[in-house]
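What follows is a pair of complexes built around chain A, which joins chain B in one and chain C in the other.
For the complex of A and B:
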């Protein structure tokens, strides 16, 4: 074992098998959903012909699938590193995977067999106001799929919560709140534990909010005399959706905290600003969601103002703690520029740069002319495609690279360059479309929008080509490593039994 | 300059600054500082003024953009020159009365008969001018003053089902009586 691959992160054969399941499934689904995305952009550009019904089915599967799969892949990162500090149940991690698989099958069946095309946001009452395109049963199966996936994540978080509390006493101490206002900070307190605890708290609440709204919608689907308030449902859906997507980023960034110092050779531990940033993020992620509802004028205006101001302040921990901390860690460090290190730095850029147009759109006066234009997928693809996905790829390249030095070829580096340039072009076309007032979620586009759609299609094809190479290389190395290893299956000695 | 162009320029500048910072650090990353702790100390010392600069910038932008609240009050009289009722349906608009007067504040009372829609007004160059959501059970009040007479397009900006992209209509805006065209 080396400094890059400490003994405490060694995987038993069972653990490796489960991690491989997560990794290879996620990579395969990412590729499939990227192809759906390419099909949508090419159809908007009039290069291929698909019916609006199929377009919206692809859109629904792309949105729901990407949100869920990013969450799945990120949870693998959290599990991998958190198990060094607390004792996590592999069975719960497996249960999360199996429930995710079941939920994904339900969602895919609802969309491609049942014809459901109500978007990943399933805003009430669209799922039950089908206009004969899909059945109530299809809508219910879709929502049931979400519910099953949510149960899986809840099991994982509850197991992690108990494990953290067993070691640190309570969640506040795990977050390092005892050092917020003074005292000598224990520099060995793991950044992973701080970030994981934040996610455990916030995403448990987010998923519970999602479960409430899903059950409400399911009951309403079969008992229409139980009517729902469309604005309340919208609030709950965006609360849940926003929290879930953000927690996927926060789970993935654990890999950055853990891995970057190994490639730079510089420590990156907790500090008071770091603890304050995560404490503030714990609160801000829960209360910022009204920025999705700025065009719902009947919302209490103080909530919309909160949405704008918290959108601004939410950027501070990202810019000044994580991205700035990463740059400080790298600066004149004699960096070892291997694939995981390059992907991590790309991810920091994608996240920090991507939230700029997001913050701009979080201004009510701007939102009036940008909401639900292509500007919105522009900013979220920026920090998901160029931020979170590189975090996931960095982690997988690192783990897979432990047994295979062949993951550092010119082909890998060329693919990374293609991914970066094409990725920037792809998100740039969304943002340029938003500037030109191109609406999002239109199956058919006006002639003046076609140049954006076509340029985006070419860029998407290049991103997919690079992603295909990443997926093949990582999957091959992971399977190779799994086949040649004998696992101990023992709990590391420093953990409570 | 339109608001869209402002947003575009501000975003490009912001993204560009972030990119320059990354390029600079990446270019320096291969070197080894003789005093790593000193480098980190210096960098973190810079963070404090940066934090306060961003706080001041944020307060300034928030004040500037919220001082005149961009959304009209939703209770009480607004005293518009004309009130227009807008009801959204899957997949058409019911807009009464027409035509609409230019140069005076128009109140649009926007609701939906079925699912969520987005009532968005575009100019003759397909530039988005303003919008609000159309929701079942609620009425959003939007105030807009058309600078010029002409034909404006209404598009739906909230996904509402399979014909969402085709849910369009037109607003015919005429000069006020007594105004010269």
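For the complex of A and C:
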């Protein structure tokens, strides 16, 4: 075991098999959903002909699937690193995977068999106003799929919560809150524990919001005499949706904290600003969601103003300590520029640059003009495609790479360059389309918008080609490592059995 | 509380609640029935569980591994007594009222008391999570229903219950959050942590 691969991270054969399931499933689903995305852009560009109904089915599967799969992949990162410090249950990790699989099957069945095309947001009353395109049952199965996935994540977080509290006493201490106002900070307090604890808290609350609103929508679907307040439903959907996506980023950031110092050779410990940043984000990520509702003029004004102000400040604390920390960690460090290191630096750029259009859209005066344009898919594709996904890929390249350099070929580096350039072009076309008032969620586009759609299609195809190579290389290496390892199945030596 | 005291309280509480003036008062409003009478009956069942001799508890244990059987019984019995139909029936039908006084202590309180200590942290977490979600959902439903769901109670009473359920959910959420964030480790995690990991951890 080298400094890059410490003994404390060794996987038993069972753990490796489960991690492989997560990794390979996530890569396969990413590829499939990227193809759905390409089909949508090509259809908008009139290069292929698909009916609007199929377009909205693809859009629904793409949106719900990408968010869920990013969450699944990020949870694997959290599990992998958190188990060094606390004792996690592999059974719960497996349960999360199986429930995710079941939920995904339900969602895909609702979309492609039941014809549900009400977008990932399933905003009331659209799912129950089917206009004969899908049935109430299809909408219900879609929502049931979300519920099942939520139960899986809940089990995973409850297990992690117990494990963290067994070691640190309570969640406040795991977050390092005892050092916020003074005292000598224990520099060995793991950054992974701080980030994981924050995610456990806020995503459990997010799932609670989701569990409430999903069941209410199901009740309404079958007993319409209980009329729902559409605005309240929208608030709750965006509360849990926003929290879930943000937590996916924060779980993936754990990989940055753990891996970057190994490639730079510099430690990355906790500090008071670091603890304050995570404490602030714990609160702000829960109250920032009204920035998704700025076009809802009936929202209480104070909530919209809060949404704008918190939009400016919510992501910044964690982002600043992470990006600034990464820069100082890399600067003149004699960095080993291997694939995981390059992907991590790319992810910092993607996260940073993706935040800018998000903050612009989080301004009420801009939002009323830009929110229903391609600008918004531009910003979230920016930080998901060039921010979070590279974090996931960095982790997978690291784990799959072992101590050899077998995943460091010119082909890998070329794919990374293609991924970066094509990814920038792809999100750039969204943002430029937004600037040209190209509306989002339209299956059919005017001729004036076709150049953006066609350029985006070419870029998307290149991104998919690069992603395909990443997926093949990583999956092959993971399976090879799994078959070559004799794995004792024992608990790592540093943890109690 | 000593076993004998718990047994005495478990016996007295339902009798007290069945006393006509108190019963009339608690069943006069939907809010009092659901948020005072039913929880007190469940507490009587929990006290009964505490008063059981250890030999009886040990005999039940093989049938209630990890508290799973008890949890299933509690879930179904609670679901029945959450329905407005059941609340209504308990007011107008003596048989349904008797069923309430028997089933809530014996099928909710008692199994909960015997299962809770056997449940894992994750199972307890799921139960509390679902309890919270149910309080919010039921509160919401009672608030938005445009019609009376019980013949015995008015719309305003129903809506007041909805508000109280939402408040109860919020209060429970805050209590749990407080305990998890700042509570003592034993109470929070329900078990002592692994000694190897605890050593040298935060001051």
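Simple rule for what comes next: the second predicted complex is superposed on the first by the 488 of 497 C-alpha atoms of A that agree within 3 Å, B and C clash if a C-alpha of one lies under 4 Å from a C-alpha of the other, contacts with A are read in each partner's own complex, and residues count from 1 in each chain.
To be clear about the criterion, contacts are C-beta pairs under 8 Å (C-beta built on N, C-alpha and C of every residue); 3 or more make two chains touch, one makes a residue touch a chain.
Since the model is a prediction, treat every value here as computed from it, not as a measurement.
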With both structures lined up on chain A, is it a clash or a fit for chain B and chain C?
fit
Touch check for A:262: first (chain B), second (chain C), both, or neither?
neither
First (chain B), second (chain C), both or neither: which does A:242 touch?
neither
Mind working out whether A:229 is in touch with chain B, chain C, both or neither, as first, second, both or neither?
both
Would you check which partner chain A:273 touches, where first means chain B only, second means chain C only, and both and neither mean what they say?
first
Identify the partner contact of A:212: answer first if only chain B is touched, second if only chain C is, both if each is, neither if none is.
second
Touched partner set for A:352, first chain B, second chain C, both or neither:
first
Applying the document's definition of touching, compare chain B and chain C: which contacts more of chain A?
B
Return, as a multiple of 10 degrees, the angle whose vertex is the Cα centre of chain A and whose sides reach the Cα centres of chain B and chain C.
100
Would you check which partner chain A:16 touches, where first means chain B only, second means chain C only, and both and neither mean what they say?
neither
After superposition on the shared chain, which partner residues are touched by A:338: those of chain B (first), chain C (second), both, or neither?
neither
Looking at A:398 after the superposition, I want to know if it touches chain B, chain C, both of them or none. Which is it: first, second, both, neither?
neither
After fitting on chain A: smallest Cα gap, chain B-chain C, Å
13
Name the residues of chain A shared by its contacts with chain B and its contacts with chain C.
229
Help me check something: in the complex, which residues belonging to chain A touch chain B?
52-53, 56, 117-119, 121, 123, 125-126, 129, 131, 133, 229-231, 234, 264, 266, 271, 273, 294-298, 301, 304-305, 308-309, 312-313, 315-316, 319-320, 323-324, 327-335, 337, 345, 348-349, 352-353, 356-357, 360-361, 363-366, 368-373, 375, 431-432, 434-437, 439, 441-446, 448
State the interface residues of chain A toward chain C in the complex, per the touch definition above.
85-87, 92, 154-155, 158-159, 161-162, 165-173, 176-178, 183-184, 186, 189, 201, 204, 208, 211-212, 215-216, 219, 225-229, 494-496
In the complex of these two chains, what residues of chain C are touching chain A?
121-122, 125-126, 129-130, 132-133, 136-137, 140-141, 144-147, 173, 180-185, 188-198, 201-203
Sort out for me which residues of chain B touch chain A in the complex.
2-8, 10-11, 14-15, 18-19, 21-22, 25-26, 28-33, 36, 39-40, 43-44, 47, 50-51, 54-55, 58, 61-62, 65-66, 69-72, 74, 90, 114-116, 118, 120, 122, 126-133, 135-142, 155, 157-166
